[in-house]
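When the chains are written out, they are named A, B and C in that same order, and each has its own residue count from 1.
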Amino acid sequence: MEETLTASEAMFTANNLWIMIATFLVFIMHLGFATLESGLVRAKNTVNILYKNTIVPILGLLTYAAWGFNLMYPGEAAAGGFIGFGGLGISMPEGAAGLIEYADGNYAYWTDFLFQAMFAATAATIVSGAVAERIKLEAYFLFSFFLVAFIYPIVGSWKWGGGWLDTLDTPFYDFAGSTLVHSVGGWAALAGAMVLGPRLGKYVDGKIFPIPGHSMPLAAIGVFLLWLGWFGFNGGSVLSADPGTVSLVLVTTAMSAAAGGLSASLTSFFMTKTHDLSMILNGILGGLVGITAGADQMGIMDAIIIGLISGTLIVVSVVFFDKIKVDDPVGATSVHLVCGIFGTLAVGMFGELASAPQLVSQMIGIASTAAFVFPISYLLFYLIDKTIGLRISSKAEVEGLDLAEHGMKAYSID
Amino acid sequence: MEETLTASEAMFTANNLWIMIATFLVFIMHLGFATLESGLVRAKNTVNILYKNTIVPILGLLTYAAWGFNLMYPGEAAAGGFIGFGGLGISMPEGAAGLIEYADGNYAYWTDFLFQAMFAATAATIVSGAVAERIKLEAYFLFSFFLVAFIYPIVGSWKWGGGWLDTLDTPFYDFAGSTLVHSVGGWAALAGAMVLGPRLGKYVDGKIFPIPGHSMPLAAIGVFLLWLGWFGFNGGSVLSADPGTVSLVLVTTAMSAAAGGLSASLTSFFMTKTHDLSMILNGILGGLVGITAGADQMGIMDAIIIGLISGTLIVVSVVFFDKIKVDDPVGATSVHLVCGIFGTLAVGMFGELASAPQLVSQMIGIASTAAFVFPISYLLFYLIDKTIGLRISSKAEVEGLDLAEHGMKAYSID
Amino acid sequence: MEETLTASEAMFTANNLWIMIATFLVFIMHLGFATLESGLVRAKNTVNILYKNTIVPILGLLTYAAWGFNLMYPGEAAAGGFIGFGGLGISMPEGAAGLIEYADGNYAYWTDFLFQAMFAATAATIVSGAVAERIKLEAYFLFSFFLVAFIYPIVGSWKWGGGWLDTLDTPFYDFAGSTLVHSVGGWAALAGAMVLGPRLGKYVDGKIFPIPGHSMPLAAIGVFLLWLGWFGFNGGSVLSADPGTVSLVLVTTAMSAAAGGLSASLTSFFMTKTHDLSMILNGILGGLVGITAGADQMGIMDAIIIGLISGTLIVVSVVFFDKIKVDDPVGATSVHLVCGIFGTLAVGMFGELASAPQLVSQMIGIASTAAFVFPISYLLFYLIDKTIGLRISSKAEVEGLDLAEHGMKAYSID
């Protein structure tokens, strides 16, 4: 008896350790977003984007503790349904048993909470890049608050909380959140970019004027950190340290990222004849988003194909959004929305689950997320615009948000 | 028999793995300090601060191996006392048993050494920010050497080495070092800033002239890395991978950091009407220092309250030190000393240990650390000043330490 | 029975977890190289070096999956020989057993693949620094492709794949790759720097004109990240989470790094009377490369001595290569080749394996690697030069590779 217990405890400890480490890696993604987005905006808006990327994980952690966790994982409160709520606040289940045997015995209650809270903040961070360089700080906080505190947990509950998408005949499949995290952030980002309109000087007289980022080293640091963090984002979503599954997920994640970078760089080179660093970087991110829905269901060749398609999609999508004059300074919509949709569909087309019914379920998941997140985000941005105001003045936009909203400059390098 | 052994070995391996990972995370804090402090000084002093932050972990590792480890953990040499010494150098205890069953069977001898050595270097690094932009490099090395090689291990031995603070009737409690690490560094930082005097141009004709840092991205990177590293600093201080305790510590750490950032940003906004990025960043650090003494004793609400108070304290403290003309370029004294003291007191006021006798013991620990570290640091800085000289010439200060002491510039960006 | 299985599974899970984490740490080294090399080149070539450091892990992952893994670990195909090949592509061995009991039961198949693939890409990344600021992008890609896809796996198979160096009477010993990774990259780097010739303006009229890097913060970030990553590079090479061995390896690694930094800073100060940040940084890297061949065979004093010698070698070597007009912008040859050779010899001179026969075997390993990698690399660079061209035009070199090859600037900071 005693030996059995000890062996189980050791396994529990190893499993819990992995989820804690995965939590750290997802935390690193917030630094990755902060540096990537900083690098891709102009120097005069750098303090502003850093401020936003700092406040978002703070908001995410606090609201998730206050009610988000219980909204996303309502337990019995709304199994199979559209919305449920387990009550305000969180607290560890009673007794050591509650702590140790939570979640199929794989990890502790607090580990679960922190891992999920780090995920929640990710969705809101995606938005900040798309609305950068022209949104009011308070407006952004207000929207992020609604997104992280309500929209994200409600959609998440549909699948991960045991809601209706999880109880379809062929359940919708979204391993680590191509739809539930990335496209949620992506739809909100699209809505924000549309309501805000483009930055001054981006589209003039029917011409597109690229506005390059101010620091390519920061952008590159961001993508490497995001890639690193993704090993935890996807690998931690196994919800145990199971050697076979986790290591497979790490390999499909790495392969799709590599293939995404390769195809984006080639596509972009054939289109522009230059080696565009921002394209290979965004291609890596596209590959990462693309593999996220099915990272545990794919073989190595599947992962490479998904990455190659995702990387190509990125380049095409960036051009497309510029053509329809949706100004997204960092390409967040292309990365998280377009590749999020493709990655979700890919589960029905490649790998273990590929089948027509699965593809239909994937479409249902994508469509229902779109139908919920986009209109509500659009409405929220619209209401914010009509009340406290969404966009800074032209004067402040020209001067830069750093001086206008923060009274400071990002750099003093003589 | 054999099964029992194997299960224990697996648990030992998991525990040891966690402490090794925590060691890496504490190592990352050195990069966090290097980037944070670089970002908050002027461009002309950037090479200098990077040099200091590079030499400190080097000094820490080498002196800790030479005698620091045996001074901090003297074993039988001075149980319950003020000072003891286990002998020069370190070596693994004899035999496989010595290796494996060290430290209650939770981790290997070398893991313990490296984790503690990384901690030791942290205390010295805290000082470098407060004395930045005007201290001579050799003077800083000399002081850091004394701090990391003698002052820190002696104070640490009082509690963690089984010394007199650990054997009070109600033992002083300092889980991961709000006092033993952060206020030790903080008192030394305060002494250094006082002996050195303010930077040229900071306080002129009774007015305070803020000297902004030169790179907010570097500062933000630093704080995110420090937050990340703190998961290992606090989480590793559990000294095992126990799922329940470690995961609770991670959550209280994250919550206090988030609450500290929030309250510092709000307090600072109400005081200055701008969104000051350096305040939200320092608020996060304040929350982290504040929770460090009791991270394993607090509930989620306790942690949030401690963070909220710490974040507010930061803002008030930064203003206070400027008022009394103690010039601390990065706010190290506010973060590590003020929040270190508050966090230590908080153990007597919130959470599992809250009680009047505990609060008294906490005060004894705080006061005795202050009474030992501040005068001796002040004296050391004074003696250095009177011998090899502490402060660079006004000419070198105006020119910048990078050219004056290193003959190079930090940046060549045209 | 069942308990035994469970305990073994827990141990397997912990071992596998460590190798996965070590893989992440080696991945971080790619960000470390990217930031270090960026920092040490001029601003006008920053996008270019970031692009190269982004494409290399991509190439490494994809070619290693296509055939590199089976070329380096040919299994029965060429045991004891010079070259063998296990077939195109990779796939998990049949059945759960194949997955779980691979590699002496220590980690999963996919974990092994990903850890080794991350290693492979490291060798190619070493080259990019030495050929920086003057090589054509396509030429670099072509060479890197051959290096990572053929040269590195073939040399690696001689020892790690069970080839002839592993079956000498006294087997050649190279724990984590001072020779098999670092000197392979170093010989290729030397060949590249020689065929390319120095940068314009470096050596004029018999004088040496130092060309300082453009961002010391980036360089320092790079070295800290490389040090961090090395804990996984060396620690993961234990191929299990064995507490005693892994923790010893971490300590020897840290001690040698610290000693390398110290001796390089002292040597450089005595030679130039200034505190050169780039020297202390390269000294740390020298200590890391130096300990890599014997990190599991050394005591703490051995490690410190190896570090001290490595750090001194760095300074001398940098001066030497400048004297013979081999222009290596980041010092990659000094760090990876010179300290790689010394570290390999050190296994025969210090620690557990020190003996005359071992020293002879170490020399055989060093000489055979040199005899294979240097001529073939030289020839490849020569052939590339005579076909698609190796070096950019003088006009492009003066303008900078960022504008010439990428049509963009790294920075827009006004």
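As a convention for this text, a residue touches a chain if its C-beta (ideal position, glycine included) is under 8 Å from a C-beta of that chain, and two chains touch if they have at least 3 such contacts.
Keep in mind the model is a prediction, meaning the values are calculated, not measured.
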Fill in: Angle of the C-alpha superposing rotation, chain A to chain B, to the nearest 5 degrees
120
Discussion item. For chain A versus chain C, which are copies of one sequence, does the interface use mostly the same residue numbers on each side, meaning over half shared, or is it different?
Written reply: different
Fill in: Distance between chain centroids, defined by C-alpha means - chain A, chain C (Å)
33
Discussion item. I need the residues of chain C touching at least two other chains; which ones are they?
Written reply: 3, 6-7, 10-11, 14, 17, 21, 215, 221, 411, 413
Item to complete: Using the touch definition up top, name the residues of chain C that touch chain A in the complex.
Response: 2-3, 6-7, 9-14, 16-17, 20-21, 23-24, 27-28, 30-31, 34-35, 38, 46-47, 50-51, 53-55, 57-58, 61-62, 65, 89-92, 96, 99-100, 107-111, 113-114, 117, 137, 215, 218, 221, 405-414
Fill in: chain A-touching residues of chain B, taken from the complex the two chains share
3-4, 6-8, 10-11, 14-15, 17-18, 21, 25, 42-44, 212-217, 220-221, 223-225, 227-228, 231, 235, 241-244, 246-248, 250-251, 254-255, 258-259, 261-262, 265, 272, 274-278, 280-281, 284, 299-300, 304, 411, 413
